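Look for subunit A in each of the two complexes below; its partner is subunit B in the first and subunit C in the second.
Right after this comes the complex of A and B.
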């Protein structure tokens, strides 16, 4: 078996080892959705809310459900591991064996994510069915397919963003607190809590230019039918561009950081 | 043939100090005085293929730093090292396949999964074929007596069991060179003994070259014929272990038990009294005067029991460490 396939498989085994943690983390995704539903209920009690936000009440509920789900799906967590490896010298074991640390982390991350994806996939199917049946979402099989492709890319993009952030540990010894802040900010600016286009066109443009929206909002806008085909096409291009950008950024950071690590000690 | 050749290896670290208390912390927020520490200074030695060499020195002497440079984890500030034709810090994959490093205080196995999973991962990483892999695992797990534990999660293993698994994992690709850093630290006597026996056997069978560090002299005495001693980053001794006592003045210890207590001043005439507890006394005697001193004691004093021993190696080595400090 090829090394990274083996790492991937071990990632799966690892996440299955902790069943309770796994289900609790699923459960924790439900709360923000409930809170937001209440919030929207209150806001849409106001007559012209729909006109103001550009979303009908049902549309905003669909968005909240799907965005909560997508941001959970693409969530990482490897930054803490990377920080610990760099800070406490766990990195050494990767340096002395013929593997690439970045690829090792990527496949271990994907492996750990895989069982979650299967369960979340089922939940997502349920939610989408609910949205179609109750909230009046219109859906074509083509959109579902494209949605799935965009999710895979979003997962990769989020990995590279957080991997780059994690590599800051080479320069800043303890960045755990920063990780917390970064991940909260990123969930918001990626549209994981509410759609960012409710703040008007200028902000929407900014969101389209920045990489973060492509980890969550982009995928949701595919499945909820808000994006037309041209928007989807250019969205994919942007997503791919940002994956490449952060991939290269991480590579450069790794090279420079490693020089520092091996010069200073581990 | 030398498989490891180290020449004038140096390593400097920069660090900063913090004064006690909050005030010191606040001061450090704005200004950090950068200091330099020379962890390894001009160390040179060579190791032959199949040799086991003990790398000794007090805490902070630079042993681990040296091993880290030899395994390519750290860049040296200056100096050279060639291992089996490779420069370690170039970190070529070909080089990485030739050695392993095991650190007693670091965990290389996947914590949440059984050790067998980590072994299999190493098989994939080093691209070992199935038959060779199975043979290695079977043979080594038998020798290390861990066959029953292969499918237990690493986090559930005792420290001794885990250490054996670490060693096994490091040997999956049959490295030609093995660096062992404080392997037996924190282990009980039986586990230490087991690991020692295993390493000895393994070295005899496979002619693997080993550099090991340990604070337990028993490890060193059992495994190494040769010791390289560093203190404050500098090499202070490189030679046979058995000659260390010679270097330190060639003394023997006479332990005698008198019939009734013998007065100290009477004993002092024969040699330096190191220890006296009731009727039992330990005398330090120059080696070349041992015979005459012993017969003189036996003919003049009432002695019930009498033994001759070497000065413990720990003491000689501690003296070497100390001598170095005094000469600084």
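Right after this comes the complex of A and C.
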């Protein structure tokens, strides 16, 4: 485990390398929250929007406050590095080293996320405290604990989804722009902008069946009290299933992709 | 302000000693319009050389548009008015925002690549060219793959919103609308160039890019949705609301004379500030790594 501990530490150092950049990037997550808060205030203040969207005012406001943060927290970025390694042959040095490339990327990703996790955790705690004090959110310590567990699983699920997408680089040489598209579309379908179930039952069913909602929408709906224990239980099973699915998919893609790898430029 | 169109020595005498200042400016403007045309032609040719990349660019921008359209879906689902705006007016406003995003994205890549140019000293090459460095650096690459989806969808949304809201379409209204739209284009360029110029002082600018993108998204909804103080700040201090709200308000006949003057003055003022910051930034350029 020692090499991975070093990789984890390197990840932390990498994310703190440009501190002004790091904090500006975190701060930018606040703006969409402001826009949506104004939107919901307006809609819920002038119409019986609760019946229309299926969320109470408090639920939707807490969703808005936390979805942006969770979506930012689970965001990856490793796909560009993997693509570069495969395209330019940088992968070679990992192949001859006694480390697993997948595990290297995982620990580097977790290391990069650690400082964000600490700061965003503090911001999220502030927002949750605000929701409890001002919006009257009823919260048990058990729900907070389950929320944290779901966040860790969401982080892992998003890692495996993007790692699988990144491994497409074995077959497609320059896919940087495709990563951009995938990442934006996934933010939408994971509920990072709006909870998708406000658009009707069909979309709600789709969100429950597909893996993407389990990276953002599921965790946020645990903390805002929308999900009961049964839904939380089945949600966790789905989250674990999708982590396993993408883990196995990534492993198969790695094995097959490596046979195609020509180590050009390495 | 030191003309944007002047050449390296600020010497315009080569356009003819007997010419007036205005005719010199006109000649320089003509020359730069020609250069812009050349940039556009070369950009399009190089993008069409790699068609898959062009299609991928369209796909990325379509993905972003999906997020903007979600807001329209929410408004139409709620079916309510925002102040004087009906859902059809809101469609027009969001359409304007999508359309303006397309024009912004056309040269946006030049803004984001500025930090790499400064960090790696690539700016040297552009400093010695016989034309305005700001013009060359910020407009040399035009990305039509990002303009295309926004332009098509934005124009359709504006058209539908305009028609369904029953807004006038006589010559004066259309001309005024197009004039304000061009003012908004200038304001967008100037206002969003300024934060990117920070790259001359700080090394990594991903945070700035994220911040400006987030600020830009404030126009995703009409300004009436925000509180009074936010509207004032967004109109007078950081005039981002002027960009997509004013042309729409003009169409509705809701733009007062004072605001009309501000709609023209704000872009000029922002351009002057951007120009001054650019000159100050260029003095801080150290040509490192070149």
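Basically, the second predicted complex is superposed on the first by the 257 of 266 C-alpha atoms of A that agree within 3 Å, B and C clash if a C-alpha of one lies under 4 Å from a C-alpha of the other, contacts with A are read in each partner's own complex, and residues count from 1 in each chain.
The rule is simple: a contact is a pair of C-beta atoms (placed from the backbone, for glycine too) under 8 Å apart; a residue touches a chain by one contact, two chains touch by 3 or more.
Because the structure is a prediction, the values reported are computed rather than measured.
K.L.:
I'd like to know which partner A:6 touches here: subunit B for first, subunit C for second, both or neither.
P.N.:
Touch partner of A:6: subunit B, not subunit C.
K.L.:
Is A:180 contacted by the first partner subunit B, the second partner subunit C, both or neither?
P.N.:
second
K.L.:
Looking at subunit A, does subunit B or subunit C touch a larger number of its residues?
P.N.:
Between subunit B and subunit C, the winner on subunit A residue contacts is C.
K.L.:
Which partner does A:194 contact after superposing on A: first (subunit B), second (subunit C), both, neither?
P.N.:
In the superposition, A:194 touches subunit C alone.
K.L.:
Scan A:18 for contacts with subunit B and subunit C and give back first, second, both or neither.
P.N.:
Both subunit B and subunit C are touched by A:18.
K.L.:
Check subunit A for residues that touch subunit B in one structure and subunit C in the other, and list them.
P.N.:
Comparing the two interfaces on subunit A, one with subunit B and one with subunit C, the shared residues are 17-18.
K.L.:
Can you tell me which positions in subunit A touch subunit C when the two form their complex?
P.N.:
Those in contact with subunit C are residues 17-18, 20-25, 27-32, 35, 38-39, 42-43, 46-47, 49, 52-53, 174, 177-178, 180-181, 184-185, 187-188, 193-194, 198-199.
K.L.:
Considering the complex alone, what residue numbers of subunit B touch subunit A?
P.N.:
So the residues of subunit B in touch with subunit A come to 13-14, 65, 68, 71-75, 89, 91, 93, 96-97, 99-101, 103, 106-108, 110, 112-113, 117, 120-122, 124-127, 153.
K.L.:
Mind pulling up the subunit A residues that touch subunit B in the complex?
P.N.:
1-3, 5-7, 10, 13-14, 17-18, 89-90, 92-93, 95-99, 259, 262-266
K.L.:
Write out the stretch or stretches of subunit C touching subunit A in their complex.
P.N.:
Its residues touching subunit A are 53, 56-57, 59-60, 62-64, 66-67, 70-71, 73-74, 77-80, 82, 202-208, 210-211, 213-215, 217-218, 220-221, 225-227, 230.
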